[in-house]
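Same chain, two partners: chain A is paired with chain B first, then with chain C.
And then the complex of A and B:
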């Protein structure tokens, strides 16, 4: 998953003084268009055209009835929802507390929330796999043994949720941090506390409504990452969506490419949702100035 | 003050505890496993992970990531400059949005896109008469990885290029600078942190990519991520798990060194964006 989402604002350039046509710019755009659009078109053609039987949309129709499609998609969506809930419940109180009461912890938070970017996911899986195996052996005589087995339940592998929370933490941190920057947290909290609001009331009725767009963009990014995640899930032996595509690709080439196209569309929709949410936030901010 | 401090800890505690458990425990297990062989402390895994086939895989991973990072950085910068200076607002928006989508489009679907295009029964490889298997090579992987690397570089460079003030160019021209002088002494020094940061970002994402390579080349091109996966899933002899851990540690060291360059630079370059 990339660290950038395209939301970084690039303003319009000052009107150019030159009117001389720039040939090199056209060449750059043309070459880029060729490189980026051809695989797109070719993949689309690959899914709808079969030599001998002509053009048909069968690959897309077959998707719904394909064995394992709905189960794996449901598993991925379930994992995504659990990850979103968990990462927000962990990160938001921590970030608020650090902001309000312990500014010195801020550096620690920043380091923690950058570490998952440095560590390649595959090495993280290697560590998790080893811990789970050792844990199962060491904890066997204790009551925790049941827990570590339950965490690995293939019907809903909680261990994947835990791993995904770590993997998305940098993106969620960044998103929430920029959201918190736009509001005066301290004043809001002091005002609410003076008026007698309890901490949970304060969190859900004062902070969360102000952070809606940051929370939404964090959730969308998490959803995109979890739906496309392959490395951790496949090496721990589970079969969510991305792993299912690879499994099915051996026998049904067209189907797997069709799913790939759909996943590109999905990423585009999710980013569109994020940027609309972000755009509204920016607009509101500028209006307020 | 003391009470406030303790409340700060209270709010941050769940996250810190979670991190210690889910990130800390695997990290300790990884390091411990990497330095253990046959149940006792040893350096044999580490030394084995830097020999023979494993060393080849590591070198080939670093080469692949290096080529992708450099080529992606150059092409991405040109494209970003073309976008930033373009007069067509619609084109600019479209390319930036597309970059956002493609930079996040990796993993398995990326591999299938290219297999459908240039694979052995691909649409374009048929038209071009490419020899069978030419996608499943080192340079084939480079072409595929650039599909997310170039857009990533565009996203990294566009804000920095946008920060180049036209006044700087005019000031340089008034002082008698040629275009070459302007780029060499004004623009490039300003852009250097962002560019280097972009190169590191590209290197890191190519280096840690596993899903795409696995779906595409299997084990035709030796890569360190593929070796780790093979050792973990027991495709090879049992007892190679600790080799996987040692290889992982090697990877983390390389990625850590690279990130150590990136993080301070990112802070420095962000100064120019505002």
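And then the complex of A and C:
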């Protein structure tokens, strides 16, 4: 799972590789490059070439001024950050608690966290929609009515954050689980306790620093998922980035494809930045060997 | 810097298993106690009760006469060394050692100095900047020891700290732990399942069985005068030979030896004999025959067939050269008081005769 983000170090290829496998490797590499690059290249060409008027970067120039672009992007990024914070604050302490105090519940937790994968988003959003409507009616006479209205505030729909937390749970669980597997959590916790560390201290000074790459991969999976999420946001009537792209593609085809390419590049750059930062850190540690 | 530790009626159950069943033990200030026993005897649970990772169902742990049973783990004054993998992987050796000082907000310069001193003390002055994965198992345990000592605790807890190490490192490190402990005079509880380890470093060895204290005494006492057949069996190896008690003496393998300790009512008993107390000499008409020999370096352990059973005998390596399987030998026992237990050997008392072929 973590490999998806490119943050995990892939083990170096075996030196035993001879010429023949290398040829095959080249072929596979070429095929996958073609598979990925042709659609991308075609998209790029579509955005810069207009029959009749020739090649121009106008579509990209138009982006910044396009109505809704900045707002929807800001909304998506805001939702992503909120989701990351919330899902990590929920999942990490819960997973630690289960590991330390109730190892038997681990299976239950794993199943619960994986469940969102098998529930189709369309079912999920139908459920949320119904709950919101019924909830509003039921809560109308109570002070909670204000709360349920507030979570649906179009400026920052908290309800989407809640939905995304559920949607990304399987990915976050997997990343954190694989990170926690690499260390002896119980012993480290006990060692830190023995040295006088309080629970918050050991969480932030012992667990988190050793989980950095797992936390980063969880965060980036979440970011990618939230930036690209369409179904839930669209059906609940909000307009984050993905929904905006679809909306705008109806009227300005070139612009919407340009945005897609741009967001792809943006995420690539983010991932690249993070993986180099973490890669360098590991390298620095290993230098003394 | 040192304190007495007392276990008072300590009881702890995990579901149906009773890990500690009313353990009473008093450890004097500055003493090095080894808790010895097979896995599941409760020794680690007892240690974890001192560290605060385990809370007894009943009973109390007292340090310097003060009940600490309900003190949280991070407020106790006991440094612990774990079996393995306990160093913080993201910190180098110096920062690992200084971790406890950092928690207590000791200024950087002071904790750096202290950490370097401690690394020097455990013999790793040049490894301060290494990360745990760059250290060998033995070095990691040295750092862990330095880390446990950094807060100058009054009690040092060692939870099988050597069991994951190579034999040679294990021996070297246990001696170093002992040396340090004597220098610092710190009360130390050392949990191990390795009887040799326990006997070689501890002031007193406490043998535990099923959550209860079976015997406590100096290593020599536990080895030479085991209080119960279980201790005899667990600490070192014991031959069980059929014997017959008459008065305060017992006949075993044709020899009359004084009995040590209580005598069972039934005169037919098991006589417990250490392998090193069995003497053998090659003799064409000997009563025993070598069945197998296993080389152990300084000594060779021989399995001998004698009338009525088998006997293990340890002989010095250089004497064992001519004692291959099939050799006939004369078997005798060292003249000293022996321990007897109720009969478990089913064969009748062997009558060793010289004409046995």
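To be clear about the criterion, the second predicted complex is superposed on the first by the 227 of 289 C-alpha atoms of A that agree within 3 Å, B and C clash if a C-alpha of one lies under 4 Å from a C-alpha of the other, contacts with A are read in each partner's own complex, and residues count from 1 in each chain.
Here, a residue touches a chain if its C-beta (ideal position, glycine included) is under 8 Å from a C-beta of that chain, and two chains touch if they have at least 3 such contacts.
Just so you know, these numbers come straight off a predicted model, no measurement behind them.
Colleague: Tell me which partner A:126 touches in the superposition: chain B (first), chain C (second), both or neither.
Modeller: first
Colleague: Considering only the touch criterion stated at the top, classify A:204 as touching first (chain B), second (chain C), both, or neither.
Modeller: neither
Colleague: Which partner does A:196 contact after superposing on A: first (chain B), second (chain C), both, neither?
Modeller: It touches chain C, and chain B stays clear.
Colleague: Is A:144 touching anything from chain B or chain C once the two structures are fitted on A? First, second, both or neither.
Modeller: neither
Colleague: Looking at chain A, which partner touches more of its residues: chain C or chain B?
Modeller: The partner that reaches more residues of chain A in the superposed model: B.
Colleague: Touching A:184 in the superposition: chain B (first), chain C (second), both, neither?
Modeller: second
Colleague: Hey, which residues of chain B end up touching chain A in the complex?
Modeller: Those residues of chain B that touch chain A are 4-5, 7-12, 14-16, 18-19, 22-23, 25-27, 29-30, 33, 78-79, 82-87, 89, 91-92, 95-110, 112-118, 121-124, 146-148, 150, 152, 155-156, 158-159, 162, 166, 201, 204-205, 207-208, 210-211, 214-215, 225, 228-229, 232-233, 241, 244-245, 248-249, 251-252, 255-256, 259, 263, 273.
Colleague: Given the complex with chain A, which residues does chain C contribute to the contact?
Modeller: 51-53, 73-76, 78-80, 82-90, 99-100, 103-104, 129-131, 133-134, 144, 147-148, 150-151
Colleague: Can you list the chain A residues touching chain B in their complex?
Modeller: 1-14, 16-17, 22, 24-25, 28-29, 32, 35-36, 38-40, 42-43, 45-47, 89-91, 93-94, 96-98, 100-102, 105, 108-109, 112, 114-131, 134, 162-163, 165-166, 224, 228-231, 234-235, 242, 245-246, 249, 253, 256-257, 259-261, 263-264, 267-268, 271-272, 275
Colleague: In the complex formed with chain C, which residues of chain A make contact?
Modeller: Residues of chain A touching chain C: 183-184, 187-188, 190-198, 201, 206, 209-210, 285-286, 288-289.
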